[in-house]
Amino acid sequence: MNDSLAATAAPALFTLTTGPVNCYPEVLSAIGKPVLYDYDPSFLEHYQSVVLKLQKALGISTMPVILQGEPVLGLEAAAHGLVAPGDRVLNLVSGVYGAGYGEWLKPLAGAFHEIRVGYDQAIDPADVQAFLAAHLDTAVVAVCHHDTPSGTLNPIAEIGKIVQAHGALLIVDAVSSWAGMEIDIEGIGADLLITGPNKCLGCPPALSILTLSDRAWAKLEANPKAPRASILSILDWKTAWKASEGFPFTPSVAEINALDAGLDRYLSETPEAVWARHALTARAMRAGVKAMGLTLWATDEAIASPTCTAVRLPEGVDETLLRNRMKQDYGVVISSGRAETFNALVRIGHMGPTAYPLYAVLALTALGGAMGALTGKPLDIGAGVAAANRVIQG
Amino acid sequence: MNDSLAATAAPALFTLTTGPVNCYPEVLSAIGKPVLYDYDPSFLEHYQSVVLKLQKALGISTMPVILQGEPVLGLEAAAHGLVAPGDRVLNLVSGVYGAGYGEWLKPLAGAFHEIRVGYDQAIDPADVQAFLAAHLDTAVVAVCHHDTPSGTLNPIAEIGKIVQAHGALLIVDAVSSWAGMEIDIEGIGADLLITGPNKCLGCPPALSILTLSDRAWAKLEANPKAPRASILSILDWKTAWKASEGFPFTPSVAEINALDAGLDRYLSETPEAVWARHALTARAMRAGVKAMGLTLWATDEAIASPTCTAVRLPEGVDETLLRNRMKQDYGVVISSGRAETFNALVRIGHMGPTAYPLYAVLALTALGGAMGALTGKPLDIGAGVAAANRVIQG
Amino acid sequence: MNDSLAATAAPALFTLTTGPVNCYPEVLSAIGKPVLYDYDPSFLEHYQSVVLKLQKALGISTMPVILQGEPVLGLEAAAHGLVAPGDRVLNLVSGVYGAGYGEWLKPLAGAFHEIRVGYDQAIDPADVQAFLAAHLDTAVVAVCHHDTPSGTLNPIAEIGKIVQAHGALLIVDAVSSWAGMEIDIEGIGADLLITGPNKCLGCPPALSILTLSDRAWAKLEANPKAPRASILSILDWKTAWKASEGFPFTPSVAEINALDAGLDRYLSETPEAVWARHALTARAMRAGVKAMGLTLWATDEAIASPTCTAVRLPEGVDETLLRNRMKQDYGVVISSGRAETFNALVRIGHMGPTAYPLYAVLALTALGGAMGALTGKPLDIGAGVAAANRVIQG
Amino acid sequence: MNDSLAATAAPALFTLTTGPVNCYPEVLSAIGKPVLYDYDPSFLEHYQSVVLKLQKALGISTMPVILQGEPVLGLEAAAHGLVAPGDRVLNLVSGVYGAGYGEWLKPLAGAFHEIRVGYDQAIDPADVQAFLAAHLDTAVVAVCHHDTPSGTLNPIAEIGKIVQAHGALLIVDAVSSWAGMEIDIEGIGADLLITGPNKCLGCPPALSILTLSDRAWAKLEANPKAPRASILSILDWKTAWKASEGFPFTPSVAEINALDAGLDRYLSETPEAVWARHALTARAMRAGVKAMGLTLWATDEAIASPTCTAVRLPEGVDETLLRNRMKQDYGVVISSGRAETFNALVRIGHMGPTAYPLYAVLALTALGGAMGALTGKPLDIGAGVAAANRVIQG
């Protein structure tokens, strides 16, 4: 062990977390641009161009909305905006974030239901179908696409199709999946999808990105309880994208500059290429994890997210000691679990600038090396890296 | 006129607004630092050190709170947190922002009152005294220190003394005055003061800074309606400054790095020196405005803020044409009025990096030059600049 | 006077010098990009694209050369490369830089001649004509376009025509004029022109830019004394622009990134627009200088450079005291004279990011204010600024 | 293989070269600071403080000199300055750079000698001793400490002792070793040592750093051929470090700002800690190389530099194909050999920001993976990484 090397107090050399992730160099250059007055006509034009670029990146026909706070703001705002008094609401729970969203939905709903599965599993669309058939007046369904504390995906395309056929409005939390994998937002019928620039787009955390269908806008406008003149209001920002309109309050200028650079990077690299390297990195990581004799958290590898690999902690391994050791000996910082998954798993993010397969090699070495050092039973790091490399060499 | 020179579409050369202001170079360098994971021990330590530095800059004995949105979030959160059901609330209105704050307070209050003066005047402390004597059960008083759309100050020291003696809690909006002039936060008895880094501290807009007295914390904790598990919650962030605690949600890492640099600059230059150059710049500006034959907005120059000079628009001068002309011919962007003061005045900010007296010269030239060009009646720019220079040369 | 305001030890608020100038914001963003290995294929491609962009900005048909040191390197290298043993060389001297160049040329030449005029005057093309007619074997003529320590221009178009007709090779020092005014490099017959990014292109000082005619290349290749395998070699870099070739030694990667951004800015704003604002700024400055009762250094205003205004120091005004006072009271830094012009004049640069007319106002105020404060005899700053403004309002 | 992943045309993800290396984040932040006028008193003070900091980092009692070009300038300047007409000069050659230096020394020397060993070996101090005993009038000895194209070290302490005892002046090229390992500059008797910020200090390439003993200064001053008034002059810069003196020409302001940040990083991390991680990284790398069945270039591992690992290319492996494949499949860029070592070896730098042991893992994977893919005979990457990890876990 090397005391002199990397005290846990030093900044990470490699931030391989599920967010905040470090940023693309282009983004770090752009965020330091001079800060313009929000009503400077050139900033008004700039803001409009960023929203148009964002619309293109999202692949939607309506105008997206940027809220001035990290995605937790978008999620809270979505619940307050879309759930009207008396609404019957179905929340789908396959993890900590899905469960947490219920805490916001429940007090707003007239009737509140949940479908729950184990946190290492995914929602079964058939259960949604059955619920909706039994509750025809369901107004809103909420689903978390990638429940980050579990690293698992829900089948939003299938769920979306069912909800769309039924006529309820669908809220999708796609914070940590969007821009790391393909999401056909309108195709799956997402009425209000929340994401952010601070995961797979490689920007800092400070903004929410929301897409709304025409039905979602209509619901918001009709909802007397939808926040207005508030930080929680989506409605206030509906026309803010137009250079001819003002802002309800000052947008986060530097973060908008960062988002602009993140979008340029995403579009110029092409979304398809970005998704491909997220998928490749995750495949290399999972192959290595298994080859080292460790176990993925997801009971079915098919639901493991391309943007995050959750690894089940072996009996007796303390996650804090493990992550401290990884930082101290290797300079690598990864994410812990949250709530029910805390101390049950650790997570390696594959997001934006870290979605390159060599980062999987790096994570495998640090994970295996630190775990072996902690337990005194060395893991076969070599097997792990070799397996990852076979995926890389395809 | 020079078409080729500076189309209104080009970014401003000189952003002399009342916020967002451009940032200090130190801040623009710092905001592009690598973004760390919020639970990286080195970020936890960093966050704690920033809050401690902030406490020092604020000159208070309690720990300040950073909320993750520009000061409008802090203002909304303060109202929701400090006003409990049934509270009698007094709101002091000497401008657009004071009036706007009443819109948030009113629905939260049991009984709601306002003292109003003209938007070019300041609240008379005697009126506050009289009101409180007549309404002994008043629980909360709110005052805007610098009502930015008017460029005018309220006498918060005197008001604070009265409120403190009475026992009500005092909310102070010091967003655009703090760090540009001395505010003895605890001395004046501010229980919940809201400010931000995006004005006189020369940072970008994306964070709120709040100071709370022990009484304010007690009120929040006792208030069943105070937001919890919400972007609007102050309580959620009470212990977030401790490196040993977590965050309720991801802080805006890049903006924290920027704030850190802004605080370093403020403290190393010394607050006294910073306040002195704000005051000097404003004095130079006001001398020049008067020498050019224009009129200050404030009826009494003593209430004109050192952080902003509001100039009454002469009859027949359209503010949009004027500001466009200033940008086109001089590359200078200043602020318009808001609501009732829109098209009645224009405002030049003296905040942080623009609080140097030569910026007053620059603003005078652009203001006088553009107005003369628009009206066909040249102003005596020379007299304005000479008057400003006499102030500079003291 | 304000001690607390701006100690001379603090960095300048406004660097209005003749170089180094502060940089465009785009340049400061770009210089902090990750530093690539010079043989990384993506850097090789990048370098080629920068040289091609530079060729476009220069408006020439041959490939320019970048040397890895500020323009003094280019100037020294040009002398060593173009002057062969035995060459008859004519050096034209209208200022300190022209005279200094002779120090390099003289020991390299077979026969060395100079035409000299007062340092506030320009070379008369007729004198060049007469000299060449009398010395038919003259091989090289050297001229400084903008002799920066005097702020004066030589008529290079006329001189170039004469030299071209004669058949000698022409060296042109255009370090501080290029990119601030039109120079038809091939039209005037410049065989080896030296400039740099650190003046009117708004980049930092660290690179030389050279253009060579085919005749210049032929001379270099034939010259046995032309430096090879040396920092002073131009030949070493002849093919370095090609992505398929290597570099003789490591180029200054960060500075190349900065140059790239400076060129983007220049080309996107359009050279014509850039030249126009340099000219306008200089006209405003000169009008103000005269209106304040000061005297231009150039005996004939027609030879005053659009990139620099040299102001004759009144009797008894010490330039160091004056410039210190300007910095202390106004935060403005300007350039002193050099050698023979030291303490005889001061110079305000209009270069790149400072070539906007409001900077003239700022310089006039600081110059006039400081001089008045020093001498106890206030200058009419008002008249100066008003005159400048009349030019701005055109 | 992944076409979509990392075209060779994209910038490297991981620049693991022997220089230019990518920079520390602190350096990339600092290089974008506003560019000050070199004669701004605050820059003069800053320059002095940087040279004093540099002196501390170098651990010397004389004042170091910064030359304004990457270290090749310092090397050329040293030869021209220290070799006087008629001098007997001994050049020690154990690699391409040592041999190249002879090309500069030879034409300057009265008598010129070389001691040569194979490029995978080190100079034997006994041979130096023998030479000097046989040539008592030897005036100058030159040695390359780390001959980068071979990744090998010469025993400069032993050589220095011998040269010092003899009385000749010793030139040491420590460009790619200094700041990555301990060098007792005065202890070993280096009279003129050349290094730079662009290797182990983690700054961009654009400056040379020179240390001179009093004897070296005396020699320069006495040498009529030592360059003066030239980019090649060391003498011109002798007093430039003093804030009270001027500069012979404009220093590279942005690069000085970068150097300042690199020195801060080096001194605050402590040189000992920096050297330790360079050594650890190289040890991990060498262990992995051998475990994968590859061969180090150095015939004796004891002479392998801690700042670079040179790996012998197996028969039939083309270095260009190999390095392209490493970039394409892994995003990793390493250095090729030069001249005689080209296509005989490849080199992985361990310098500054890449001198952390996980970078060795990363390099091993990319090197082994690409070589296996190219040859069709997979290397045992697992064994390589495991061996590296055993070193890391020490």
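Details
Residue numbering begins at 1 within each chain, and the chains themselves are lettered A, B, C and D in the order written.
Note that in this section contacts are C-beta pairs under 8 Å (C-beta built on N, C-alpha and C of every residue); 3 or more make two chains touch, one makes a residue touch a chain.
Quantities reported herein were computed from a predicted structural model and do not represent experimental measurements.
A count of contacting C-beta pairs for B-D and for A-B identifies A-B as the more extensively joined pair. Distance between chain A and chain B, defined via averaged C-alpha coordinates, is recorded as 34 Å.
Inter-chain spacing, taken between the CA centroids of chain A and chain D, is 44 Å.
We define each chain's centre as the mean of its Cα atoms; on that basis chain B and chain D are separated by 52 Å. Residue positions 28-29, 32-34 of chain D are each in touch with at least two other chains.
Chain contacts in this assembly form a complete graph, since each chain touches every other chain. On the chain A side of its complex with chain C, the touching residues are 25, 28-30, 32-34. Chain contact summary for the complex, chain C toward chain B: residues 1-2, 4-6, 13-14, 32, 272-273, 276-277, 280, 329-332, 356-358, 361-362, 365-366, 368-369, 372-373, 380-386, 389, 392-394.
Residues 8-12, 15, 17, 19-23, 28-29, 31-43, 45, 68-70, 72-73, 76, 103-104, 198, 204-206, 229-232, 249-255, 258, 324, 327, 333, 335-336 of chain C are the ones touching chain D in the complex.
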